[in-house]
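Take this structure, written in structure tokens, and hold onto it; I'll ask about it next.
As written, the chains take the letters A, B, C and D, and residue 1 is the first residue of each chain.
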Amino acid sequence: MALLEVKKLHAAYGQTRVLHGIDFTMEEGTITALLGANGAGKTTTLRALCGMVRTEGEVRFAGHDIGRRKTEDIARLGIAHVPDGRGTFLNLTTEENLRLGGYARRDKKAVEADIERMFGHFPRLKERRRQQAGTLSGGEQQMLAVSRALMMKPKLMLLDEPSFGLAPLLVRELFQILRRINDAERVSMLLVEQNAAMALDLADQAYLIETGRVVQSGSAAALKRDDSVRKSYLGY
Amino acid sequence: MDALLHQILAGLATGGIYASLALALVMIYQATHLVNFAQGEMAMFTTYIAWSLVNAGMPYWAAFFITIVFAFAMGVLIERIIIRPVEDAPVLAVVVVFIALLVILNSVAGWIYTYTIKSFPSPFPKDAFVATKYMSPHEMGAIGITLVVLLLLFAFFRFTPLGLAMRAAAQNPQSSRLVGIRVGWMLALGWGLAAAVGAVAGMMVAPIVYLDPNMMGGILLYAFAGALLGGIDSPGGAVVGGFAVGVLENVLGAFVIGNELKLPMALVLIIGVLLVRPSGFFGKVHVTRV
Amino acid sequence: MTRKQILLIGVLLVIACALPFVVSNYRTFQFTLVMVYATALLGLNILTGYNGQISLGHGAFYALGAYCAAVLMDQAGAPYWATIPAAAAVCLVAGFLFGLPALRLEGLYLALATFALGVAMPQLLKYDHFAKWTGGVQGIVIAKPEAPWGLPLNPDQWLYFFTLAVTLVMFLLAWNLLRGRIGRALVAIRDQHIAAEAMGVNNAIYKSLAFGVSAMYTGVAGALSAIAIQYVAPDSFNIFVSIVFVVGIVVGGLASISGALYGALFIQFVPNIADEISKAAPWAIFGIFMIGFVYLMPTGVAGAVRLLLARRKS
Amino acid sequence: MKAKFVTASMVLALAAFPAAAQKKYDPGASDTEIRIGNTNPYSGPASAYGTIGKTIAAYFTMVNEQGGINGRKVRFITYDDGYSPPKTVEMARKLVEQDQVLFLFQTLGTPSNTAIHKYMNMKKVPQMHVATGATKWNDPANFKWTMGWQPNYQDEAKSYVRYLLKEKPNAKIGILYQNDDYGKDYVKGIKDGLGAKAKSMIVAEVSYEVADPTVDSQIVQLQQSGADVFFNITTPKFAAQAIRKAYDIGWKPLHFLNNVSTSVASVLTPAGLDKSVGLISTAYIKDPTDKQWENDPAIKKWQTFMKKYYPEGSLIDNSNVYGYTVASTLHQVLKQAGNDLTRENIMKQAASVKGLKIDTLLPGIVIQTGAKDYAPIQSVQLMRFNGKQWERFGQIIDSSM
């Protein structure tokens, strides 16, 4: 059974309809990329999965119908969303941000250990643990956002443009870490990226979205070879 | 010199009243980023509950804690039932609901309990060794209780996951939902806590000013001023601010400008301070992001 | 304006003019008060609704306007009609001056500052050293104007038409002001003050001006009320006047000219209804009405009317 | 048989009211009904006084159940004015112009009554027995249609001063007063009473606002001034605070407490009975919570009345005895007016009450009016609190002397 199954997903902001029936599935343990131009509906898709916009259609996650559930309940089922803008709690310290990630977990004891584990992944955060998160640099905040999501021990992570605003070197480092986590902890990831080349390198599967519909799908490797994809998104 | 000392100490006693209500205001502010104008009336109303319990023969401390529980429940219910439907309405619509709550509670209290003043018992011994002519044992005890409440709140927000979640929910509700925090309940919890703090304030204030439906009416403005002076997002600041307002008011009234104009003058000074230091004494300076 | 709107306003005007000949003097007097409140609420709405600066103390300007009228009539023997522009000028200046420091205050801080103003005003009015002019705690009793030029109107009717004329002028002025560049600038400052600045709107000037104009409106209303009630006293202007004004603009509709009228009807008549329902706890009933209105019409009566019209069209 | 009875009662009526043989009515009166208007603060900052209006309403319910006044039922129409003069004007007009009441009765508050003073006199509608202690209501030459009822504040203050000048001519006086018309009226009374000595004798004069939480700071100021006489011109809550605070800081002046706040149960008990020993005040109404009236038949009667007609009302609130007593006064005036229920006659009858005794008034206090005397109660008696109850002393004094 697929971890995530999306059928005929529609979404709208007020009167403006953004998604017009998206279909896709995701297997457990995989990394899937959603590609598309600005305004195609990638971010909205992620938001729709988390119940942050009004939707129609069916969304099944790990056997639960989550199409009508509230954001916090979806999060508690094991979907961790790293939103665009990173969603940092700016006035709380780095450590408190991490602790919030573990807020809904039942295994409170393991939370402390996990915080240390995150510091293992991102040593920069450890140096900043008592600082207000608002004072962190963009890259550090991105790391914090990913760590906060990981603190939730999710089955599925939704990553909205994790590379945005980061120096290329940092992006590479971040993606390596994501890969490592995916390998080691079998966390599935749904990735939205402008940087299609890097996304396809990381991902197993990919879907191409245009104006609120899936127009193409396949393995990352296959899409990378596809001519039209190359022309439109990879730029060579 | 004795006159000044006496006025300052009397000011601290009154300031304790402002401080305790200011603390409740800060509580709600932390949870909802709104100032609840009905806070004083809620405190007054719960104090009547305590009064009824004590009058029915219940020991003081039993009544004290039952009232706190009652106040907490009342706060939660008010949020869930009355405030919830206007959660997404413009801020001023919520303010109108606060005003409505204020007049309803005031009026209903007058209706049930009449307007004659009632004396409310103090838990502190009348002739404690600390009694001086400057401050009664109750006034000192009340200040002590306010500080204990402050300490408890500080510990709650700083060291418990729930306290952390409440702070998070107030700051960034969207992100809070994403980590599984039930933001709606955090708001209700904030209301409950504020009402509970208010109940303590009411029970500490009532022995000093006597219990009547308008008991908190005049105090709200001072508490509001104290909260802002100390820093609206800082419980400790609110308490310091409350004391500062109490002392300032007395000193102005007795030595500087006379009683008729002490309130306008105190407010002018406070606003002057806020012009120079907008976040108050202890408030966090927020980074505004465009 | 569309022809339909002009027609509607014409009909309303005819009704307004016919009213005092149809209803009793007492009702005429009540509707005079409604217009007074409408003008006051329009003032507050310019500041709070359009410009986003909250004021919990507009009763202070209402009081200032009322005392201007009363003191001028009582001490200087000024004719009642001349006190209106005088009150307008005084309140414009007072509002503008108060608006200057208020520039640095936002949200809660402005709420506190205005709240403080509202609470402090009655204390200033009864301050001993001003009592020579203000009458101190006793207030000032003034005479009721008679209809001039031998018009066959009784004093209530005359007062009604006088108030109607002033109110119309004030509403027309506001309408002119708010639909144009200034109105857009005020709204821009409310919604996106940094962006507005970037677009070349001088926030400081506009915000203090909004304060001044708003105070002027409320002051004119205060002067009208003094003439209508024939009496001013510190007790007439306690903090609840300010609070009720806020309730009025929210229930009527923020950032809406017609909302001022709806709000005025609410604050004039709903307390009377509440009193009829329960002597035991009239305020409780009034509070329930407030909550009811906010629930049913979160954008005020004006907003609900707008929605209704839009729905009928589509 | 029936006709005979009617004639008989006509004869009786003729005998009792020779001048009012014919029925004469102004708006608000008829064969079956007398409509009376009233405004009271049922909401707002002064809502504590609203209970007076409710007591009066209950009183007339009782009167109606017992057959009304001269066979007519009383319809008591009362509106909330929130203690806001503009609202009082609106409501007074509603009562006079729309509800067509015969007259207004017990409209409450000095500012509220000032606001309608001119209107009522212009309309020639009685503004009867207003509920305020200002002096200006006793002015029949200029305001023929307005009449007070209770002893006025200035006169009360003067009776304290007279006592003080006799007992302690070298006193240093400290005054605490509410910063409004009521407080300032008392202060004026004190100063007028002291005359030229006012400047030298008054060493401190401090005020408070109704919205102040406490008057502790003011009491400290008064003590620091070195005053040895304390005029306590405060409403119940502040009176209790002041009595307690003065005691707690060890200030022991000769303490005059105004009549507004003499209730044993709702002022002195909260303040502490031991702390209230030695207070001097005046009274004209029996305090239902004072031990000496515990078994007084009038107070018993009042309690029965409260329980039956106003059960939610407080049995320890002096205002409710006040309301009962003032309604009794009006009851008498209306009885006297007989069948001539014109506004002119109501005023005339109100101004010719001779030595009326009402059993809830203190013994010796009577209601007395005349064409030139629009102050129904002018006699008061000084009293001192002994820790258990008020002890009246000295003679009943005509406070206007």
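Please note the rule applied: a residue touches a chain if its C-beta (ideal position, glycine included) is under 8 Å from a C-beta of that chain, and two chains touch if they have at least 3 such contacts.
This is a predicted model, so every value here is computed, not measured.
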item	value
Common touching chains of subunit D and subunit A	B
Per-chain CA centroid nearest to the all-protein CA mean	B
Pair sharing more residue contacts (C-beta pairs) when A-B is set against C-D	C-D
Inter-centroid spacing, subunit B versus subunit A (mean Cα positions, whole Å)	43
Centre-of-Cα separation between subunit C and subunit A, whole angstrom	53
Centre distance in Å when subunit B and subunit D are each reduced to the mean of their C-alpha atoms	37
Residues within subunit A bordering two or more other chains	none
Junction residues of subunit D, two or more chains touched	43, 45, 47, 50, 179, 209, 211, 312
For subunit B, residues contacting two or more additional chains	103, 107, 110-111, 221, 260, 263
Chain contact topology (line, ring, star, complete or other)	other
Touch relationships between chains, expressed as pairs	A-B, B-C, B-D, C-D
For the subunit C and subunit D complex, residues of the former touching the latter	24-27, 29-30, 33, 119, 123, 126, 136-139, 141, 225, 229-231, 233-236, 238, 240-241, 271-272, 274-275, 279-280, 282-283, 286
Residue numbers on subunit D that touch subunit B, as the complex places them	43, 45, 47-48, 50-51, 179, 206-214, 216-218, 220-221, 224, 236-237, 240-241, 248-250, 263, 265-267, 269-270, 312-314, 316-317
Contact footprint of subunit A on subunit B as seen in their complex	161, 164-165, 167-168, 171-172, 174-183, 284, 286-287, 289
Contact footprint of subunit C on subunit B as seen in their complex	35, 82, 85-86, 89-90, 92-93, 95-97, 99-104, 106-108, 110-111, 221, 224-225, 228, 232, 260-261, 263-264, 267-268, 270-271, 274-275, 278, 290
Residue ranges of subunit D in contact with subunit C within the complex	42-45, 47, 50, 53-54, 57, 78-80, 82-87, 89-90, 93-94, 97-98, 109, 111-112, 114-115, 117-119, 179-181, 183-184, 209, 211, 312
